[in-house]
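Two complexes, one shared chain (chain A), two partners (chain B, chain C).
Coming up: the complex of A and B.
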């Protein structure tokens, strides 16, 4: 069968490649080098490069403010390179390649590298910031009001300029007119009569001091929060702008032993750089940890944790079945409809096409939710319509069939569209030639139409497969992985790897980005291998049929 | 050559203009605000509350010479977005959200404690203050609380059932008379719903976490998988699909209220948020406590509290503290927020104000009298999913003993 095919194949080349050949002499290299600079071209160049410069300057300020010199260097280098490239007349191929390459780096390579680097850390809830952040959080959340102490009406004042002068607290003993002034050195009483006390007990004016109003005070928010007035029992701190309380930081970090000590209970938590947390002798951890490198432990956890490795194979097989089922099912249905509408005897094809594309035009989010409700056992449209009482999402195989059915409905219009396009590119002479040779309709479809369709659609099928392999929404918005075996709530019958890992990484204790990144690298490897193999096969196929 | 030079000059002019423009728009913002408006307070809230807060914060801003900006963030993204921007050192000064976020926000160092005086604390409902207290520290100022109750269609069921058995008997009778198709609308779904089954679970003797000496939940004492929880799930199984058919996985969050408003069931277990739909459907209803099993403990719904938090990484913490500690504690704001989203105010004075115009509120509070504060400890996050699925499996007819034991193991495995 392959020998007669070489004939049609070579005929097929002509319509596809013809226009390129006729067009190529006009755009030859020599011609381009002598092309005049048009006004429109120049304006476009100036606007685009101006935009580049604008973006670079806009991005530079936050980088300088955050002292991220590495990022700034990359920014400067990229911008300089872009200007050098597009202001010169040489390096024409690079001019075409660079924009795409930059976007590829920014939106593909960097995220992948970032994911890969995250996979080696414990980044997640409780381990988001640096060690210093954790220490600050531990200390500031341990400030407790001294038992039995009172709260004082507070005014913030200064001897100098309200915007810059050193701040003091003016506090009134509740119920009296006794005013004290407090700064970092301590609290001392103010002469009676030197201060005017308002109705709520707040000092409204004091001799020698400027009392800050709310606007002025809130502009110096950080200075006020940082001002701590030592007292016998602890220290006076502000609670907002109009009250002060006597508080005491119960936990303090000691750099000497690299540990946190609790002065109330006498307990000690020592820093553990391996896990990024302060750990007590009995293994108790403080909740506020920090981000550290954990090496390969996220990867070993994927491989050794029984909850993951146990049901992994079953999930992987179903994942392949789901991706192949959704891609293959939609392709076959879409193609059959496209073939039906491609028939010259068909009338009203435009109306049919419009109706068929409708599911594609509706937002899949909403449609998935609608389908979920239609599969409800007691109230769903499907059971009510057919008089069934199937617990669709309650049994393994009915749930799997249901999600594939939903995918079929959502996905076939796309396949119909691309198959229609590809069919129209196949010249009718080919099928006519086969019928002259005495081939049946089925034979001509098998031997001519389908292979040519596949050559055009294989890349789309592969990308559709890769998409469905990780089709999170299709599962999460319908079954959410259900049904779950009674003894294992972490892995359900319709779970894909991506929904399963999402539950492992984010469904349990808290978000574990490091762990999630490690699993997504595994999924990335699986999808990459499948795609690479498929593309290689496609290329071989193209060599046979083209 | 000349053209190229011209191009370069034009470019630099453009670049300078671009940077100049940027500067122009930045500088007034940076310079004018402190002078004219003192400081800026940024608040994150969900859409409904943003609308309710706006007039109030504008007044607060004008009175005090500061700018207050309320930014609407969808509720489901709010906590996550807040933690993310906070770990980058930015974000809002004040955040509004549910009290069970506290555990996670604290472990990420995202919020600071709030210091309220004893008089201020006394103005609040005691449960609400307890809910926002974590590790002995007050982390938020509550403004509303909510809990589940039994809403019944008084045309179909004039009497409030005293026990679950009463409720089932009434429901079955109505079903036999073809007045309803379902006995009880209590949302379960394929994944189960720990929040809605909790009253029945506690009435049957189960618990989630034990408590430490000072009344905090203790993550080391996990009640799921213990004999009490298995006994409780056996009682729940008896009401399930293979038993009485009262609890069903086909009733889920999406259709529970709609089934009730469609008069297909006489009883609905839900919270204050459902009353708007029920009223709209024109159903005569009454609210009472979720009944417990006959001879069992009282059914304890979770009590959740909505609260204001001060962000630890906020730019204007002093002003944020001032706003949260001294302005959120006034009844006016609580009433405004109630009008935007009818949950019972946590401030006693505010509740008294709105109680007379809305009799449901007092009934919901009464229904929550036996309630337990929804645990805010981070370990609670490990409960929801496995517990719910165990519930769904048991209601679907799975063996309670093995299912609940497995759920207990899974939960214990993910609590560090």
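Coming up: the complex of A and C.
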């Protein structure tokens, strides 16, 4: 189909590939380099490189417009390197590795490194931005309604989803139709005619925004109360859901003493660059701080803070048990069934395979929630079927058994699939040869099938272990870490390190991204060491077949 | 095996008692050879199916609540939940988004993985072992803890190139491709390793380029494992919800996982269970279909032909 098309195409492109052609007779040293250039291959190369060039040019314009020269340099270098690589005849392995590696670097390595760098900061709620941001936040949140404050009719709107999107205030200047839109960055006027103002001055609709109705607004009343719009004379805050006032800031920053002063109480809070917060003489801190480097203190906290270090060991042990139990259990069950169905005399294997695989075809997040409800004490299926009234998630060991059972159900079809694939890759001659030599079925399994299966599947088992070690959904969507001991509500019996970390860092109280990143590095180190050791063990095996 | 069966048949000519004994023995042998396989298969199928029966029953339950759902529906059957699903939620949009994202990510990541696996399996170059090991290590970093970093990075991307930013399927697709190399590469490298090297060496001697060896010889031989990994990537992507929930906040941009999770939040857990179960069943349709479609690749033998040739 493509041959007649590619013929003239390649002729037209001939001048462009001059260097490639002249290069080939000169530098070829191995047999591989003598291979002829095919028309189809050339056309594919031209199209793909053209696509790369097109994407690079498309991506360059916004970078130039935003004057991000660093980003532009990276883009130009990457594109040049790609052209050099694919127009030349050398670096053959790189030609196969680079496409995936580019994505890996951009969307996996960079975020991971970024996360690692936040482990050395106090980044989190109250320490998100710069010191200037903190000062603005302190001043605007101290705004109080004073006699004579201007009142505005208020509508709350969003550009996104009414239940989750970032909120803005739409206010109308009293007596006029001038509508302004305000968010945490400030207040700016909206084009005349872009908004519809109803009777009483309230905005009922605005271009590009969804105005929240009363029900939606009251569901988000906390967000609305928290939204402070800085203005020249102070800040705008809501009073109820349909009025806003412009109040005066009580607290102000004084650059002379590098401190914040409260004009009502006369207290002062001095900036402390070590912790990234304004601290009063008696040690009281203002909630709004800024991001600073804290060195290793996030790491030492894991070991020295008793609330964290104490339960850490118990959780670590259960975490290993969970990962090994899930991986080993699913592998053994999946392999057994794959072995059972792998026989030339077996009929109906397709039907079995179709039905067995169904748990894997189901959306696992949904099935985790379904299993949680099946373990429900009062009207759960398990208790109904067996006439029990066990509180499955109420006792340590029943909860642990339950989550492992759920993992077994979710995971064994996968192991069954890959084991079936690997079994089919084992030449039947090998097992036939052992049976001719008089080996029993068990001997043949031990000596031939299992080693070959393990060669093919050991990397999968290692990565399955790593996945289960951090299987957040398996716990978070079922037990949520329960049951909790009476004296320690932060660390439950089924908690994995990752759900435990999540609760410490994100749950309930303020987000502590820096601390969370530090613990995730701990987890990473543990898994990396375990996997590196297993990897070394599979190394000899792999070399035999490599 | 065949010879033994033959001997049993000749032995059976002695008399009726012997025939009976032989029939019993044959049954025993049938059980030892084939029967136990069916027993294991049936037990596995039972274990696999019973939660699914519960979901089906919940989806057909006219009351639509968790507390009124039993394993086998006794209070009548209705399709009301399915109607409610489309009338009250953006299920159709979510479904299309999921198909687009999961299908694209599965196809692209299998291709990228196969390229890398070919290099790792067939070529020896500096940094090969380091590359393999670092692939494994990078995969071990819990991705959801990098979500803050990803969120900040994509905030900038959304400002620069809105077409691949938040609330678009493309941004999420790119992010998923970041994980394309990894487990899949290892799986495929393992299978490339089991293919005899003589195959591609003889092709090279015959004048084939490395690209021809890859596309003409290697890819067709590993088609079964490409199908398996593609299926796994598709299912993983459909199930992924943490990244998707950060990326897709507009109702019509959501994927199935994000949208359906929202159904069971808050106080509506019990009342929405029937609709949720209906959605779960419909979500399973694409994955079941893809599996059926790829079945023949998965089942066909991997290397038996190649080794004999």
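The criterion applied here is as follows: the second predicted complex is superposed on the first by the 336 of 546 C-alpha atoms of A that agree within 3 Å, B and C clash if a C-alpha of one lies under 4 Å from a C-alpha of the other, contacts with A are read in each partner's own complex, and residues count from 1 in each chain.
By our rule, a residue touches a chain if its C-beta (ideal position, glycine included) is under 8 Å from a C-beta of that chain, and two chains touch if they have at least 3 such contacts.
Predicted, not measured: the structure shown is a model, and the values here were computed from it.
**Student:** Please indicate which partner A:379 is in contact with in the superposed arrangement: first for chain B, second for chain C, both, or neither.
**Tutor:** both
**Student:** Would you check which partner chain A:486 touches, where first means chain B only, second means chain C only, and both and neither mean what they say?
**Tutor:** The answer is first: A:486 touches chain B but not chain C.
**Student:** Let me test your reading of the model: by the given contact rule, A:49 touches which partner, first (chain B), second (chain C), both or neither?
**Tutor:** So A:49 only meets chain B here.
**Student:** Does chain B (first) or chain C (second) touch A:144, or do both, or does neither?
**Tutor:** Touch status of A:144: first partner only.
**Student:** Please work out whether A:203 is in contact with chain B alone, chain C alone, both, or neither, and reply first, second, both or neither.
**Tutor:** A:203 sits against neither chain B nor chain C.
**Student:** More residues of chain A are touched by which partner: chain B or chain C?
**Tutor:** Between chain B and chain C, C touches the greater number of residues in chain A.
**Student:** Go through chain A and flag every residue that touches chain B in one model and chain C in the other.
**Tutor:** Chain A residues touching both partners: 369, 373, 376, 378-379.
**Student:** State the interface residues of chain C toward chain A in the complex, per the touch definition above.
**Tutor:** Of all residues in chain C, those touching chain A are 1, 33-34, 36-38, 40-41, 44-45, 47-49, 51-52, 54-55, 66-67, 70-71, 112-113, 115-116, 118-121, 123, 125, 128, 131, 133, 135-146, 148-150, 152-153, 159-161, 167, 174-175, 177-183, 185-187, 189-191, 193-194, 204-205, 207-212, 214, 224-225, 228, 231-232, 235, 238-239, 241-242, 249-251, 256-257, 260-261, 264, 273, 276-277, 279-280, 283-284, 287-288, 291-292, 295, 298-304, 307.
**Student:** Under the definition above, what is the set of chain B residues touching chain A in their complex?
**Tutor:** Interface residues on chain B, with respect to chain A: 3-4, 7-8, 10-12, 14-15, 18-19, 22, 34, 37-39, 41, 64-66, 80, 83, 87, 103-104, 106-109, 112-115, 117, 135-137, 182, 190-191, 248-252, 254-255, 259, 312, 315-319, 321-326, 378-379, 381-382, 385-386, 389-390, 392-394, 396, 398-399, 402-403, 406-407, 410, 413-416.
**Student:** Enumerate the contact residues on chain A facing chain B in the complex.
**Tutor:** 37, 42, 45-47, 49-50, 53-54, 57-58, 61, 83, 87, 125-126, 128-129, 133-134, 136-138, 140-145, 151, 163, 213-222, 224-225, 237-243, 245, 247, 285, 287-289, 307, 369, 372-373, 376-380, 391, 393-394, 479-480, 482-484, 486-490, 503, 507-511
**Student:** Give the list of chain A residues in touch with chain C in this complex.
**Tutor:** 31-32, 34-36, 38, 41, 59, 62-63, 66, 68, 71, 92-93, 96-97, 99-101, 103-104, 106-112, 114-115, 118, 123, 160-161, 164-165, 333, 336-337, 340-341, 343, 345-348, 350, 352-367, 369-371, 373-374, 376, 378-379, 381, 384-385, 409, 413-414, 416-418, 420-422, 424-425, 427-429, 435, 455-457, 459-460, 462-463, 466, 470, 472, 498, 501, 513, 516-517, 520, 523-524, 527-528, 531-532, 535, 542, 545-546
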